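The two complexes that follow have subunit A in common; it is paired with subunit B in the first and with subunit C in the second.
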Partner chain A sequence: MTAAVPTPALQEELATVEPATITGRARKRLTSRWASLAALVIAVLWTLPTFGLLLTSFRPENDIRTSGWWNWFSDPQLTLDNYDEVLYGGTSLSTYFINSIIITIPSVIIPVSIACLASYAFAWMRFPFRDTLFVAVFALQIVPLQVALIPLLRIYVDADLNGTFWPLWISHTIFALPLAIFLLHNFMREVPAELMEAARVDGAGHVTIFTRIMVPLVTPAIAAFAIFQFLWVWNDLLVAITMATGAQDIQPLTARLAELSGSRGSTWHLLSAGAFVSIVIPVIVFVFLQRYFVRGLLAGSVKG
Partner chain B sequence: MAKSSARKSWAAVGLAASVSLVLAACGGDDGDDDSTAGGDGGGGDADCAFAEEYGDLSGTEVTAYSTIVAPEDEPLEASFDLFEECTGATVVYEGSDEFEAQLPIRIQGGSPPDIAIIPQPGLLASLVRDYDAVVPAPDEARANVEASFDPSWIEYGTVDGTYYGTPFGANVKSFVWYSPSAFEGAGYEIPETWDDLIALSDQIVADGGLPWCAGFGSGDATGWPGTDWVEEVMLRTAGADVYDQWYRHEIPFNDPQVVEAFDTVGEILKNDEYVNGGLGDVASIATTRFEDAGLPILDGTCWMHHQASFYQANWGEGVTVAEDGDVFAFYLPGIEEEHGNPVLGGGEFVAAFAERPEVQAFQTYLSSDHWHAERASHGNFVSANRTVPIDAYESPVNQLSAEIIQDEEAVFRFDASDLMPAEVGTVAFWTGMVDWVTGASTQEVVDSVEAAWP
Partner chain C sequence: MDNFEKFGQMALAIALFVGVMGAILLLVGRAKRRVDIWQSLAFVLPALLLLGIGLIYPAVRTIYQSFFDRTSDSFVGLDNYSDIFTDSAMLVVLRNTAVWVILTPILATFIGLVYAVLVDRARIEAAAKAVIFLPMAISLVGASIIWRYVYEYRPDQQNIEQVGLLNQILVWLGMEPRHFLVDTPLNTVFLIVVMVWVQAGFAMTVLSAAIKAIPSDITEAAQLDGLTGVRMVRYITVPSIRPALVVVLTTISIGTLKVFDIVRTMTGGQFDTSVVANEFYTQGFQLGDTGLASTLAVLLFVLVIPIVVYNVRQLRKADYR
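Coming up: the complex of A and B.
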């Protein structure tokens, strides 16, 4: 803090409060008037396109086709027709909305459950080749999932699973596991060994330690990963159209959204309404679980 | 407190998950029940005489896959109803915008559809050559096509001497969209020859308007409307034979005849006085979405727009597409009389990936006069089948398209960019058109496309 000629105001501030910790100082520096203004400007800039999209989704077909959303202010006309058409018309996104939920929830729960168990084992159980195995699991993260698509599809076809939800659930689980195990393993490693020892002295086995100590302690991390996985699966198009081919009735929202504009783009005015239908759930999830999301991110970056 | 509520919420999530799993399982079962129940509906009230040759296919299922998605898929699926009703087979249809990318994946993954409706002969050829997955068309289907179609359709569906693809739909690209009411108000006549067309354009310029509007924008495929322009003029200045040599690369892409076609197009599209009505200057052609490029005709800032028959779906609600309505199309006139009335078009082909009797029967049915008439009656379709009566088509533009296709004088040619190798037809030619309209010279563009030829 030997800055050259600080202004009187700043000097005064520095004199009155000098936070002791690094985070405290960082927080202090970020809460200036200019930083707030910059944050506000960035927030507005980033929200503006979404706002435009929202406004567009309520405009009549001809207005969407012929003019930009900002023209709404000079000629305000709103309609729910686009939503009606998108949800209950030829594309009937409402059906695929349910499909998306059916696909997404198991695709989050299965990998998170397996990853919790696996990372506990990798972190706190002793068995031969543990570290080698762990590195091998994480190394799978390097493999791009695209190269696995066709071989996986072949396996599903041979196993006669094609046309059901299983290929989607299994594939999303496979693709999520390496990162999930790696992240949760790191969180579990950070739990002090003394806790574990104390529990063992009291007669707890692995199952009790896992359910009573480990899971409650790493809940924020689990929730953070679950949100990531949820958003990834919900927004996924590639895995969905590859694994759900030949069975339109099990495809998720994203797959139908991609078809919404018609064979030759004649109904592209529906896209903005379709986009909002598809982001409703992620937004709800994000708003309600935001707490965990931020905590999980910070825990990953600041600790240690 | 905090801990127990956290546990409760996890329990709730778990409950929700198991409920939805149960729901999912039920949903799946229902679907199966429906499809088997639909199978035993053989017979019925409809006139099933046409289906006798296909026999009883009760309980079988045929999957069909194509690029046609909602809202255009409804009349398509409706046209399968009679087949399903009369033979007892079930047709499971799926459309996807990702068709071209997904079909090879499905073939490699071992789960190809039974029937695919392929929009380019080039794609059909590469499926046959690369994956060896396509089953030759049944002899009955070939006989159907030979009886009712122009012989060139057999050629487009043939790869390396074997006949695979039977014709499905067709579209006519040689149209200029205009507003009949605006033409009448201004006292303009529909041009019968190319010279009339240019004279009309000059007349509009003299009256203070911008005659033409155009747009090449189409996402990954930006540029294709430009290739249509060049192909049209190529057919009109050089003729169909040279056109065939051109897409087969028997003459180079930078041949003087191609340059001439480009420059003839340039007299319209690169002419500041002619374009771009209601949209901007010449360069705005590159950035305007093709879906929107003709819309200035509706507000009178543009007079003519070259686009295929399918553009009728883009005018929006409340616009009457008819000879006496808000918008209609006229045939893009020929240039050199010796080359006749060239028609540029496109079309889809049906290819089969399985030899099961129901699949063969379905492919044969899709090539029959019965299906083409049936499909035409559901609307939003033009067939190249010459036995379909003109009044079977509901829309005036489709009637006009069918008249043009069925005309014995017409010289029908397939969209060349669909016939050229993918490196040219879907890459270099498209980007070349964008460069050309944003300032590159004709020679630069044709040289660069020629260099891209594999």
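Coming up: the complex of A and C.
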């Protein structure tokens, strides 16, 4: 786990390596015809399943029932009916879409802020057992979520929070903290001590240094983590189905889709459109914030 | 709850949170002395409290419960543990988990490496990589639905066309369509394909960065010695990126151990496809066996530790070289 979390130095390397080597060496075509062919085969294998289901989601229901998506090319007909039905019909995915948004936004803001405070303290404040506590937080990254779920649910039930969004917000916050603190701490440690010393001489306290110097300087790291956390929460199924069982009021898209896939496994006009309703947000994030996205995913690849 | 009410709740939660954070910053900002334990406490305590109550206490409690029966009422010693290793259904779960953890990292890393080498410095490198990386953005639930459609089976009768791509290919080749997700033991492999499809992008990205970091004098010297193609990869590329390979392999195997979304969405653990992480959910949240579920969670934890230790050790070695 620790290994996959790129240090600031490695991240720097990941970011700068590409342009440097490309300008250094002339770009070449794929080495040989066979190599191009092999790359093409992999690329096609990786896109075809998604493409097939995407095309299916726009085909009329009756066509989907009777033939595969490749028949579309001989009988091209497109419709948005499936999306209309899956969003506003009996499956009412629009409700779950809203739920996903409601769950995700606080589940990103809260852990990121708490982790910023804690990592600043671990990086630049002095207090007893600081290093021991940091190692402990760092080690918590390896704990699988499963180990905490059953007792955690018990706590929520006892606190009468069950059936509200709170268990989801709190759980996602807790599960995000070890990675977030570790990551942000590494970046905050890299900020030159002279900068802080200068601010101190000018009479700045910890709060001023934190808000005026530290947070602006590590914003890229915060953004990368926030994007990772956003996708993690949006795509999560485990926390969703344990903390929001069967409640239409609070269940996110993933939980509803998994349920549909089990109970109405062959209603492909609904499943295909439903899948893409849940996929569209991450893909938009991917396209527009690709760089942060890749960094965030690499950093968080062992979470959970 | 209507949407208005939900957004209201969210706004309230965020406002509450901002209030608490603001209060902390304000109070600490007022403090006169610079080195003060109370300032530090105000900064770390929210995180430490949450981790203590939400992660450490539950983990300890889970370990405790693993020695109790299904309702956590009476102490049963190691019975849950011996059940896992003797019950025939559980042995299937363990076997499947082993197959997942062995196959997924190897296949994903291999494909990621091959692809990274193939597209390295190609003209369309960025686009070619995005294609492989994209599945990582999709939820595992979404990925499972995409692949369930590829595997979709229709009975082999007159007038019934296959709608799943794979079965249609079988029909085109003159073979019988088959139940990819039902027929054991190969169905586990078809589930693993989904995880490989998702993880290859991760492997490719990390390995590609490592390949680009190989000093060019090494590759140029090898080229002068006449090394090309597969031999170049075998003798220069792979040894040079060994630490990155280890990181990728171990990271994927940790992720694979804990994955349950794919099994849950595609088969629900039926047809002998369950894995430890899925069985945890089934036992704990569907069959209400807290004891057995806790034991499975502990098992997961115990299985992750050696991989992490190995990972850290390899990194140390790489650093000291």
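In this text, the second predicted complex is superposed on the first by the 228 of 304 C-alpha atoms of A that agree within 3 Å, B and C clash if a C-alpha of one lies under 4 Å from a C-alpha of the other, contacts with A are read in each partner's own complex, and residues count from 1 in each chain.
The working rule: a residue touches a chain if its C-beta (ideal position, glycine included) is under 8 Å from a C-beta of that chain, and two chains touch if they have at least 3 such contacts.
This structure is a prediction, so every number in the text was calculated from the model and none was measured.
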First (subunit B), second (subunit C), both or neither touched by A:Asn62: first
Partner chain(s) touched by A:Trp268 [first = subunit B, second = subunit C, both, neither]: both
Of subunit C and subunit B, partner touching more subunit A residues: C
Partner chain(s) touched by A:Asp158 [first = subunit B, second = subunit C, both, neither]: first
Partner chain in contact with A:Asp249 - subunit B first, subunit C second, else both or neither: both
Subunit B versus subunit C as contact partner of A:Ile150, first or second or both or neither: both
First, second, both or neither for A:Thr219, with subunit B first and subunit C second: first
First, second, both or neither for A:Ala258, with subunit B first and subunit C second: both
First, second, both or neither for A:Val41, with subunit B first and subunit C second: neither
Partner chain in contact with A:His206 - subunit B first, subunit C second, else both or neither: second
Contact residues of subunit A, present in both the subunit B and the subunit C interface: 66, 102, 105-106, 109, 149-150, 164-165, 241-242, 245, 249, 258, 261-262, 265-266, 268
Residues on subunit C engaged by subunit A in the complex (per definition of touch): 1, 3, 6-7, 9-10, 13-14, 17, 21, 24-25, 28-29, 31, 34-35, 37, 39-41, 43-44, 46-48, 50-51, 53-59, 61-63, 65, 111, 114-115, 118-119, 121-123, 128, 130-142, 144-150, 152, 161-165, 168, 197, 200, 202, 205-206, 209, 212-213, 216, 229, 246-247, 250-251, 254-255, 257-258, 260-261, 264-266, 268, 277, 280-281, 284-285, 290, 293-294, 296-298, 300-301, 304-305, 308, 311-312, 314-315
Contact footprint of subunit B on subunit A as seen in their complex: 61-62, 65-66, 89-91, 101-102, 105-106, 109, 149-150, 153-154, 156-158, 162, 164-165, 216, 219, 241-242, 245-250, 255, 258-268
Subunit B residues within the subunit A interface of the complex: 3, 6-7, 10, 13-14, 16-17, 20-21, 23-24, 27-28, 31, 63, 65, 67-74, 92-98, 102, 105-106, 108-111, 113, 218, 289-292, 295, 310, 313-314, 316-318
